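Each chain carries a letter (A, B, C and D) given by its place in the written order, and its residues are counted from 1.
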Amino acid sequence: MKIGVITSGGDAPGMNIVIDTVITLAPQYGCEIVLIKNAYKGIIEEDFLDVKTIQHLNYRNDGGTILGSVRFPEFADTELRKKAVKILNSHGIEALIVIGGDGSFQGASELSKLGIKTIGIPATIDNDLSYSEKTLGFDTASNFAVEAIERVKSTIISHHRCLFIEVMGNKRGDIALFSGLATNADVIVIPEMKKSYEQIVAEVKEVSKRQKYIFIIVSERTYDLEKLATMTKKEANIDTRTLVLGHLQRGGSPSIFDRILGMKFSYKAMELLSQNATDYCVGNKGDEIIAVPISEAANAPLKRHDILEKIYKKIEKGKE
Amino acid sequence: MKIGVITSGGDAPGMNIVIDTVITLAPQYGCEIVLIKNAYKGIIEEDFLDVKTIQHLNYRNDGGTILGSVRFPEFADTELRKKAVKILNSHGIEALIVIGGDGSFQGASELSKLGIKTIGIPATIDNDLSYSEKTLGFDTASNFAVEAIERVKSTIISHHRCLFIEVMGNKRGDIALFSGLATNADVIVIPEMKKSYEQIVAEVKEVSKRQKYIFIIVSERTYDLEKLATMTKKEANIDTRTLVLGHLQRGGSPSIFDRILGMKFSYKAMELLSQNATDYCVGNKGDEIIAVPISEAANAPLKRHDILEKIYKKIEKGKE
Amino acid sequence: MKIGVITSGGDAPGMNIVIDTVITLAPQYGCEIVLIKNAYKGIIEEDFLDVKTIQHLNYRNDGGTILGSVRFPEFADTELRKKAVKILNSHGIEALIVIGGDGSFQGASELSKLGIKTIGIPATIDNDLSYSEKTLGFDTASNFAVEAIERVKSTIISHHRCLFIEVMGNKRGDIALFSGLATNADVIVIPEMKKSYEQIVAEVKEVSKRQKYIFIIVSERTYDLEKLATMTKKEANIDTRTLVLGHLQRGGSPSIFDRILGMKFSYKAMELLSQNATDYCVGNKGDEIIAVPISEAANAPLKRHDILEKIYKKIEKGKE
Amino acid sequence: MKIGVITSGGDAPGMNIVIDTVITLAPQYGCEIVLIKNAYKGIIEEDFLDVKTIQHLNYRNDGGTILGSVRFPEFADTELRKKAVKILNSHGIEALIVIGGDGSFQGASELSKLGIKTIGIPATIDNDLSYSEKTLGFDTASNFAVEAIERVKSTIISHHRCLFIEVMGNKRGDIALFSGLATNADVIVIPEMKKSYEQIVAEVKEVSKRQKYIFIIVSERTYDLEKLATMTKKEANIDTRTLVLGHLQRGGSPSIFDRILGMKFSYKAMELLSQNATDYCVGNKGDEIIAVPISEAANAPLKRHDILEKIYKKIEKGKE
C-alpha cells in the first residue's frame, strides 16, 4: 500500500518525528510512504517527494515540519476534494496520514468518504482536542512557557512590577493552566474559568497588597492584554508590563514525552492502516494509545482538568 | 491534623514541588505540616522544622530535596519504628507523607500498622514502581538523558567512534528505552530484553557495516560497560568509548510534566488523609490520579512498554 | 572601610554575582559591606541590609538583582545628593560601589565630588558603554537572543513566512548585530548602520526572490516594527509576522563569561577602593581589567564593531 | 585562489561556523573553497568535497565538524607531507586553512615550508594555546561545565556528599578554573597551581567542618580521581563520589561568543590569504583579532589568569 503523509494546520514539535517514524516502519508493513508538501494544497499541486530526498537531512528532532504547512480554505470545496482523490489515485496512493488538528481531521474524514483510507494524528501545541489526553507538541510548548516565565521573573521582581504574560491556546486554557500552576503564578486566566476584567484587576490588586511583584498568565484570545495592563496600572497603582510569548512557543526540539508519544501514534496509525481501518484518529489515555472515529472525536465533550482547577482554587484561597 | 513530611531514598526532581504544595494546601484541609529532615532518620533524631523556616527560600522548583535524604537501614528494626511512632505522637503528628520509592513505602506501611496514617508519593527517576504509569522525576531525568545523548553525538560522529552510554534505571530499563528510542539510538540494552555480551557486540558489528559511528544506550547495572567496550573494539574494530551519565541525571529543575504530576499527587495525598485513609500510595494512569494500598502496589506485575518494545524491534529489523 | 553597594538602572544578569563577590572579598581588604536596596532611592530611605540577612539565600547565580532597582530621577537634585551623603556618613559608609549603566555612573560621579569614594561597575545587557569592550549581562542576553531566534525559526520556515524580530539595545545595535550574525539572519537593522524603511523593505523583497522564509533582526527603538511588517507584506507579498523578545532578554542565570567578568570587576573595584581611588569605573579589554575615570568613560567615542560590520556587508553582497 | 579547509585534532564547537563562513566569504575574495575530509589524512586519501555537496545541510550551528577529524601521526613523516603537497598542487589548491590546535598548526607550518600557504584557526575546548586569549569552543564547553556542575549540585546537597568533578583541559586548567569560580566550587585543582594529594584531602577535610556537602573541580590528567575519592572518604569521613564530564563537554551548539569569534577568525584568515601571508595563525586579544607566526605562537609563554588565581586565593582565605 502506498501511503501519503501530510502535515496540516499550525506546526507543532513532534511532527517530524512522526514523519520519520512512519518512513521507518512502513517497509515492515509492506507499505511505501509518499511525502506530500504544504498540507492539502500539496495534493492539488502534486507537490510530492520521494522519501529518499530527505533521508540525508537531519530533521527528525527539529521543531516545525519538513513538509511545510499552509492554510488552504479552498479545500472545503467538494470538487477540489474529488480532484485530490483523483490525483492520489493516479499516483497509486490509497491511504493518507494527516498530522494536524481538528480542522485537518475534517478534511481527512471527507477524503475517507471519497475512498481514501485516512488516519489522523493529533499534533497541535494547544492541546485542544478533547478525545485525547495529550496532543503532540503540547508538552514541548508548555515546557518552554515555564522556562520563559521563570526567565522573565527575576527582572519583574527586581523592579517590583506586575507582568501579564500571554501564552497560546487557541481558545483553550491548557498551556496557561499547566504553565501557570507549574510556575506558581499569582493569577491564571483561562477561558474555561471565565472572569470579568474587573474581577481580574480586583484579584491583582489583592495580590499587590501582600507582594511587590505579580505574575498573571493569560490564555491567548481570552482578553485584551493591553486593556488589562492599563486597568491594573490605574486600579492597583503598580508598574505593569505585558509579554506575548507568541511563536516562540511553537519551536524547539520536542521533549522526550512528545517524541515517545509521536512514535506511538505513528505505530498505531500503521497498525490501523494495515487492518484497513479508515476515518480514525489516534490519541492517548496515559501510556495507552487509542483509536477513535474522527466524527466521534470531533464531538467529544470539552476536556477539563478538574484536579488542577481544584488545586488552583485551593491555592488562591490559601493566599487570601 | 498534624502531618509530617519526609523525602526518602534517592532524590528526584519534583520532591520540592510536593513539599511546597502540601504546605500550601494543608490549611485548606485544617491541617498543619511538620517538616522532617533526612528521611526516617530525622524522626528518630527529632530533626523537625517548622514550615516558616523555609518560606523565604526559593526552593520549590529546584532539583533535590530541601529536607535532605539519607540511607537508614536501621529502620528495619521494629523497636526503632516503635520509637519513631512514640516520637511522632509526642509531637502530635498523626500522619506522615512519605515521598520516595518502594523501599520508603515499606517503612510507611509498617508505621501505618503502628497507628500512624501514612501515604506514599512515588518519586524516583528510575520509574521502577509498576503500579503507577509514571513516578516523579522520570520525565525530567529522561529529558536530560536525551539532551546529553544529543550533545555527545556530534563529537562521536566527527571522529567515527562507537559510544556506550550508561543511563540510570535501578535494574529497570525505562530511562534507557525511552531515551534510546527518542534519540534514535543504534542499539538499546535493557534488563527487560536481555541479550548476551556476544549478541550485543554482534549487533554493534552489524551496525558498523552501514555506519561510521554507533550509539548504544545501556541501562545501569545491566552489563559491565568497559567489558562491552573492549569486546566491541576487538570484534568490530572501531574506536570505542564509554560515558556514564551518573548523578547528572538526578538534577535540574523539574519539567512541567513532573511539576503538574507532583501537584496532583500532593492534592490526592491530602484528600486521602482528610478521608482518614492510610497505608496507601498514589499514582497515575494518564491524567487520572489513583490510590492503591501499599501492599498491592508492591505486588503489581512488572510494568512493560509493549508498544515501545515492538517499535524498537521493528526499527531494528528495518535497519538490517 | 564601610562600603555601600547598590544596583541601579535596568537589571542585568551578573549583578548578583558582583554583590556576592564583593561580600566575599571585603574582609580580605579589611572592609565591611552594607547592602542598599532599590538603587539611590534606598540611600534616601535608609533601606539598608546587613550582609547576614541574605547569606542563606541562594541568589548568587540568579538573574535580576537581589537588591532591587528603581528609577529615581529626583536624584538629579543636588540637595537630595547632599542628603544622601549625610545619611551615608551617619552610617559610617565612606565608599559606594554602583552596579549599573552610564546614568547610574553619573550619580556616582556626583557623590564622589561630595566626598564619597565611588566605583562604577558596568552592568547592562545593551553593551552600550563605549569605554569597556563588554558590559555585564550582554553575553547572557545575546546568548538568549540566539536561542530565541533559533527556536522560532522552524515555525517560520514551516509556514514560509517573514519574521521581524526586535531585540533590545537601548539605541545601540550590539545585541542585534551579534545575534543576527550568529544566527545567519537575512537582514540586520541597527542604528549604527542606518537604512530607510524603503531600503529595508527592498532588501527583504530581494531575499524573498531566493528564499521562502526571511528573518530580520531589528534593534529596539530603531524602527516601528508593525510599519515594517505592513510595508513588507504589501511590497514583497509574503505572510509577515513580528516578535518582540522584550523582557525575556533580561533574565536567566548568567553565562560563564558574565560570571567571570563580574568576579573580575568586583576584584578590581575592591583593589581600587583599597588604594583610595574614587570616581572611577571598571571595564575590560579582553582578559584585562581596566579602570577609567567616570568622566572619561562618559566621553569615550562610540564603540563600533568594524570587523563584524565588514563581515555582514560581505555576506550580504555574497547573497546577491 | 583555491583554498583547502581541514578540521584537525579534537573537535570543538564552532568548527562548523568557520567552515560555513569561509565558504560564504571566499567568492568576495575571488577564492574557491575545497573541503577536505578527516584532517591531514583526507589530503593523502584525496577525500575532497565540493562545497555544493553540503549546502543543503543545516550544519552551521551544530557541534562537531562536518568534515570529520582523525588522528594521523603518520603525517610527521616528511615524505608523506611532500606527497600531500603534490596532491594539493594537482588539484590546484594553493592554500590551506587548518582549524585545530597546536599539533595541527605544526603540520600547517611544515606544509608552508613546502610551498602551501597555510593559516591556522585555533579551535580546541581546552583553551590551551597561549598566544590567543581564547580558542574556539572553550566558551561553549565551559558554559556546559557550569550547567553540569549546577545540575548535579542538588543531589549532592540533598545527600550530604562530597563530589569530585573532572573537567577537560588537556593538561591546562582553564575549564576547571573558570567553571570552578563560576559555580563557587569549594576546591579547585589545576595543574597551574599544583597541590599534593595530601593537601587536597586536607583542604576538603577543612571544608567538611563547616559544610555538609563539598564540590571539588579537578582538571583532567592532573590527579587520579578515584584515589582522591578514596583518600577523602577515609580522611574526612564523608560519602564521596566522582563524576567525569568527559565527551559531553565537546558537544552542543556553539555559544554566541564562539560563533562571533569563529566568524572573525574566518574573516582574518581570508584577509591574510588575500595578502599572500602564510605560516600564520589567528587569535584574539579581546575584541581585536591578531595574527601571529605559527612558530612564535608555539613558543608563547604559558598563559595564566592572574586575577582569577588571586580571586580564588582570597575566596579560599575568606572561607577559613
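Going forward, a contact is a pair of C-beta atoms (placed from the backbone, for glycine too) under 8 Å apart; a residue touches a chain by one contact, two chains touch by 3 or more.
If you're wondering where the values come from, they're calculated on a predicted model, not measured in any experiment.
Chains touching both chain A and chain B: C, D. Taking B-C and A-C together, the chain pair joined by more C-beta contacts is A-C.
With centres defined as mean CA coordinates, chain C is found 41 Å away from chain B. One simple way to say how far apart two chains are is to compare their mean CA positions; for chain A and chain C this gives 36 Å. Annotation for chain B: residues touching 2 or more other chains are 150.
In terms of inter-chain touching, the protein chains here all touch one another pairwise. Of all residues in chain A, those touching chain D in their complex are 56-58. Within the complex formed with chain D, the residues of chain B that make contact are 7, 10-11, 62-65, 68-70, 144, 148, 150-160, 163, 241, 243-244, 246-248, 250-252.
Interface residues of chain D facing chain C in the complex, by the touch rule stated above, are 20-21, 24-25, 27-28, 60-61, 133, 139, 142-143, 145-146, 150, 178-179, 181-184, 253, 255-257, 259-260, 263-264, 267-268, 284-289, 305, 307-308, 310-311, 314-315, 317-318.
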